[in-house]
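We call the chains A, B, C, D, E and F, going by the order they appear; numbering starts again at 1 in every chain.
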Amino acid sequence: MALYERILITGAAGRLGSELRKGLAPLANTIRLAGRTPFSDLAEHEEQVVFDLSDMKATIAATEACDAIVHFGGAALECSWQTILNSNIRGSYHIYEGARKHGARRVIYASSVHAIGYYKLEDHISVEAPVRPDSLYGVSKNFVESLSRLYWDKFGIESACLRIFSSFPKPADRRMLWSYLSFNDCVRLTTAALTAPRISHTVTFGLSNNTVKVVDNSGANHLGYLPQDCSEPWKAEIEASTEIPDPNRSSVKYLGGWFCELDHPDDKESE
Amino acid sequence: MALYERILITGAAGRLGSELRKGLAPLANTIRLAGRTPFSDLAEHEEQVVFDLSDMKATIAATEACDAIVHFGGAALECSWQTILNSNIRGSYHIYEGARKHGARRVIYASSVHAIGYYKLEDHISVEAPVRPDSLYGVSKNFVESLSRLYWDKFGIESACLRIFSSFPKPADRRMLWSYLSFNDCVRLTTAALTAPRISHTVTFGLSNNTVKVVDNSGANHLGYLPQDCSEPWKAEIEASTEIPDPNRSSVKYLGGWFCELDHPDDKESE
Amino acid sequence: MALYERILITGAAGRLGSELRKGLAPLANTIRLAGRTPFSDLAEHEEQVVFDLSDMKATIAATEACDAIVHFGGAALECSWQTILNSNIRGSYHIYEGARKHGARRVIYASSVHAIGYYKLEDHISVEAPVRPDSLYGVSKNFVESLSRLYWDKFGIESACLRIFSSFPKPADRRMLWSYLSFNDCVRLTTAALTAPRISHTVTFGLSNNTVKVVDNSGANHLGYLPQDCSEPWKAEIEASTEIPDPNRSSVKYLGGWFCELDHPDDKESE
Amino acid sequence: MALYERILITGAAGRLGSELRKGLAPLANTIRLAGRTPFSDLAEHEEQVVFDLSDMKATIAATEACDAIVHFGGAALECSWQTILNSNIRGSYHIYEGARKHGARRVIYASSVHAIGYYKLEDHISVEAPVRPDSLYGVSKNFVESLSRLYWDKFGIESACLRIFSSFPKPADRRMLWSYLSFNDCVRLTTAALTAPRISHTVTFGLSNNTVKVVDNSGANHLGYLPQDCSEPWKAEIEASTEIPDPNRSSVKYLGGWFCELDHPDDKESE
Amino acid sequence: MALYERILITGAAGRLGSELRKGLAPLANTIRLAGRTPFSDLAEHEEQVVFDLSDMKATIAATEACDAIVHFGGAALECSWQTILNSNIRGSYHIYEGARKHGARRVIYASSVHAIGYYKLEDHISVEAPVRPDSLYGVSKNFVESLSRLYWDKFGIESACLRIFSSFPKPADRRMLWSYLSFNDCVRLTTAALTAPRISHTVTFGLSNNTVKVVDNSGANHLGYLPQDCSEPWKAEIEASTEIPDPNRSSVKYLGGWFCELDHPDDKESE
Amino acid sequence: MALYERILITGAAGRLGSELRKGLAPLANTIRLAGRTPFSDLAEHEEQVVFDLSDMKATIAATEACDAIVHFGGAALECSWQTILNSNIRGSYHIYEGARKHGARRVIYASSVHAIGYYKLEDHISVEAPVRPDSLYGVSKNFVESLSRLYWDKFGIESACLRIFSSFPKPADRRMLWSYLSFNDCVRLTTAALTAPRISHTVTFGLSNNTVKVVDNSGANHLGYLPQDCSEPWKAEIEASTEIPDPNRSSVKYLGGWFCELDHPDDKESE
């Protein structure tokens, strides 16, 4: 007996969505994959819905009959205000409206380190620290964290907002030695959020068990997430091939890394 | 010598905007009033700009040559998602883009108790408590609080987000005995935010000096706001004319009051 | 229209009960006085019940038809375990059972500084600090603080536990310069607890506005208590007539004062 | 050389007492077993005392010559006020008086999750959180926590109050997946409390190393308790055989579980 | 009857020492003035000692028969390491050794805002925040704060470390609008520290009741200090005559003001 | 490619310095050993400088061309004020001046538990707790912690202050069961401090992974220190051969152990 009847995964064609598609299979009888283009390789337990998150009607329809939603869709990097607005802000509102209208019990949302990117490494913030986004992308993550809080307090829909740090096949630079979240740990974290006895509204940091720890995740211990991976295997190689960075450079000093050094996206557009 | 060359007031025709129009006059050589319809009674030190906040180009243009912006425009109550999106989310983004492009130094934003409406009276939250909006309106306030934090951290534009509780001519019900902010205190608070030596990014609760105190505003003490009014003069009358409420009713239990008992705005629309 | 139909005051013949009998009169149509011996001077708005708190049946009966209870009865000093047990522990249980069975909405309980007597002056404890009683008397106060919490969480009966420091006609020694609670302020505090819009379960320190402040009462600000008195008028006289005490003596070091130097009550009994 | 000359175990015939009887043997030359009926199977290092905790004289006598007391006796579930009063409140007072009169150095007390049963899972309370009992049983645990604090502050008798969650042979339902304390971990915790270099007055949560963690036990790290067991082995079986519960049901939402849904014990009696 | 038999004031010829000489007269039968050159205007209740703080023997001798010491001597600004070392570090050690050898009960020490000068205005630090000195001068203040803590914990000598902000005849610039401590309030603060019932080891911020508040002094409320002055009377004049400063300039951003922009003192020397 | 070009180790002939000399070799092309007498056994990657820390010129010269400094030199126990002053206070100032003048990037400083020796075991202090030194030795550690903070805030030189508890070949008494830091863990901690991506100014507790934990080191988690050793192997032997200590004896009660029972060092001198 699977825990859920049907889980909707948005962004299912993406880097993390592809991992979740595999990793969450045991949790539901049916996995419904959402993307902007069709999936050509559906397994038996899978079905698909193709739409754009900015389409309110289609998005709400896609959530029908889903008792859980894993919302990893939308823009995954800093980009123009119009894209952030349509994909991340409007799109996520549509998802939560779908959850409300169609009775989903739980939503797992891919928030990001960029929601709190302007904290320093040594600040060791808890999951309750005030937001400090480092980009429009980060602001949109804060928006959904706020929106999902409303849907819990008012409508009783549980949410976990996973502030994913750096989830890639392997750590690619010195910063990722502390910000790395392995794909398998990302699946473990999402699984924990879907199976914990009660998550109410939870914000949590998505990190593997790296040696250097820069945040305090204890406020989300009720999720029961136990990371199994860490960045150590790549440490020597990365340190040998890169310079020691200036500790006061924004990309070194702040959790958000190079996002803190990005220009405002519309500057480039408007030129 | 006025502190500012030109202050833009959005929502200048509104209940609080009208008060600020008078109260902030000493702080600038010119007060620029913004509204959706023309003002017919401009004083000598006043000028006007007429536009809709959802119009990005017009809004940015309206901020030109303003070294401070007092942003009280937009929807002031729970309303439909389209209105919230256009007036409060998109509109406020346009204002901050204007501030960035035209070099405003400081923005004072009318946030609201509804940004943290789901806290209980006895929680005594500080200005650093995680957000708990009670409505889409509250979510939009959180959005601007997040956005303004980005503009401080990344662009050095200072902001004060005033979480106004109940600013009316006089307290109208039992809840306002603790949530009342007199018009004069609202002007005092805005003035403090405009004149404090350094506000960086400050969130503060907008309340008069009422006897019953339900939040901890000490994290904003650097604003130098000293409320002079309180709800006591109306206490006896209000208590005599209303029943003792049930302490566990949402509108009594939570800071947000009756907003916590509102249905979702789109429910009515969609019917 | 009085706020309450009928307030029961236990310990109504005591030092503080006598003050409350006068001071709370405006809050109820009827004040029911409880004591172990009859009152001979009932006013028109007063009625009486005579019983011992250790009598469960009589105590519960005394609470009938009372929508509020001001529970100041029981032993007011350290005394033998049997007395503490019967008057303060069993007696208070009877009161709360009366409140539950007869539907009282709110109970105001005379707790005491001796509930947290082993904290040091410079600890500046909040109302949330773990208990540190200085006597069996203090332990019994902790018992009722715990019991009343249960009756709020489970049965929705609101309580305020007033940790009264030193409520006497005037400060009598150096310690009372910071621990003084004037009779009028005691009435003000009880009135605030009876009239605040929502008290849920509140613990608060009962002190006048003395210059030397040794605790942090901000967690009870929702009561709206504003002390009007202080110990200053007696300061010069007391300081002139008493030696400077040793700061490391228990009775000087700890909030509980001389209670911290008391022997265990049963020691004396058993000799 | 054993650490203690003689340890008294109350409730030694009970579910946990039986485990402690075996597990604590290495710590003392003599284990004195206390119960209401005789033990028929005493080992060489064991002796017994038979009495009822409500008998002050007998209880005090039973503590003679014991340098440590492991107090697990008394009612172990919600029950009538008379039973709570006699077994848990009066009985524990007798134990502490015995410790004081006969010079025991350390008392380990079986407190309970029900001392703080009305906190929510996501509250992650520390050992210093204000009490929130979920039953008369829980109130009696708070009473002893307060009483033992007095005996430390005033008489120098060290105590550890172990807030035991769910100590059974194995987890029996979904809640026990996070509340489980194995018998062996219960013995480890009691052993740690008896052997730590200094415990002063310590409150700690008694839990195995379960994956889902709902409290913050760091304030008791000086005990040196290292749980070795967890509920994982039973997880799949329990989840497969039980429905997903409603996260807002009291028995799911609160630490105290089904105690929070219990009626008041005397209601049934009085019928 | 004066509170003290004899108070030693070091730095008695300095800006603040001169005020204290007058202001503290009522507190002692004899005021002993210490300075590096003779005082020519001794009053009847005054006596003098002339020595350099770097002279250990003379400094210790000067403390003889004093039951309180008000230690305002030493370098009062950033200066060379040799001066800081001799006047502030060695000199203060001599004072505390004098207190220990001659039995002074209480020492009031002139610490400084520069002990925590690198905190930002909006940090609202408490008196328990880790030190962040802005100069060698500030480091020497931290040294004495640490030293005096030792003398309390080990030898029972009470100390109050007054972190004086800007104590001048009147506020001289925009920063002093929040950092001002009037001379009379400086005397009030020192008096409070000398007369409070128990100060143990207290760190406190020395500020008048200015409107803009940048620190949280509640941890020193047991001193009973009530400032009576504020910077408001000078506000208009100062604001009219000075530019609005850049909020990100070090001298505006940090509590320490222009000390944060000072070069290291020995840089100039070594040239 | 080594992380550093040249690391200076002061106190390189000492108990811990000898371990670091070996353990840090992989981190630099050259290890420069500093001591008061020549080293006779230099390895190829080693060089030496011989001087006394109280010699400013020599000390500064010794730091030339070092991009990191591991400062373990100076008095390692309570001793006379003159020694503390010259070796620990003046000597450390010279080291930091060397770092500033010669451009060292990072300094690792051997602070000590005695910087916070007067906290109790159950206080579980964080790395941000106010200092409570237990000796002049501890005061000197506080001095350098303050000084190094200045050099970070003003000059951008990173420092880690390692509050080493008991670093010996093996635990020697009951206290060391919780205070033990193995030599290998000491090297691991220093290595972590030298290799962490950003340490800014970090205070951390130097402890192995002992079972009984008495402090909260989470504020230094960004160092990435993972202790591998613990005191367990010696526990049984130590407990069997020593009496149970009195929990209220200063050397048992406080972190600083027997330092808290030491007389003031100059008392002995002056006899």
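The criterion applied here is as follows: contacts are C-beta pairs under 8 Å (C-beta built on N, C-alpha and C of every residue); 3 or more make two chains touch, one makes a residue touch a chain.
No experiment lies behind these values; they were computed from the predicted model shown.
Enquirer: If over half the contact pairs have to be identical by residue number, which pair among B-C, A-B or C-D is the repeat of A-F?
Expert: B-C
Enquirer: What's the rotation angle, in degrees and to the nearest 5, for a C-alpha fit of chain B onto chain C?
Expert: 120
Enquirer: Distance-wise, how many Å sit between the C-alpha centres of chain B and chain E, to the nearest whole number?
Expert: 41
Enquirer: Starting from the mean Cα coordinates of chain C and chain F, work out the distance between those two points in Å.
Expert: 52
Enquirer: What parts of chain C, by residue number, touch at least two of the other chains?
Expert: Not one residue of chain C touches more than one other chain, so the list is empty.
Enquirer: Once you draw an edge for every pair of touching chains, what topology comes out, line, ring, star, complete or other?
Expert: Graph shape, chains as nodes and touching pairs as edges: none of the named types, so other.
Enquirer: Which two-chain combinations qualify as touching?
Expert: Chain pairs that touch: A-B, A-D, A-F, B-C, B-E, C-D, C-E, D-F, E-F.
Enquirer: Give the list of chain E residues in touch with chain C in this complex.
Expert: Within the complex, chain E touches chain C at residues 1, 3, 105, 156, 158, 195-200, 202, 218-219, 221-224, 226.
Enquirer: Please give the residue numbers of chain E that touch chain B in the complex, ascending.
Expert: 120-122, 124, 174-175, 177-178, 210-214, 216, 239-240, 244-245, 247-248, 252-253
Enquirer: Which part of chain A faces chain B closely enough to touch in the complex?
Expert: So the residues of chain A touching chain B come out as 81, 85, 89-90, 93, 97, 100, 118, 128-136, 138-139, 142-143, 145-147, 149-150, 153-155, 203, 260, 264, 266.
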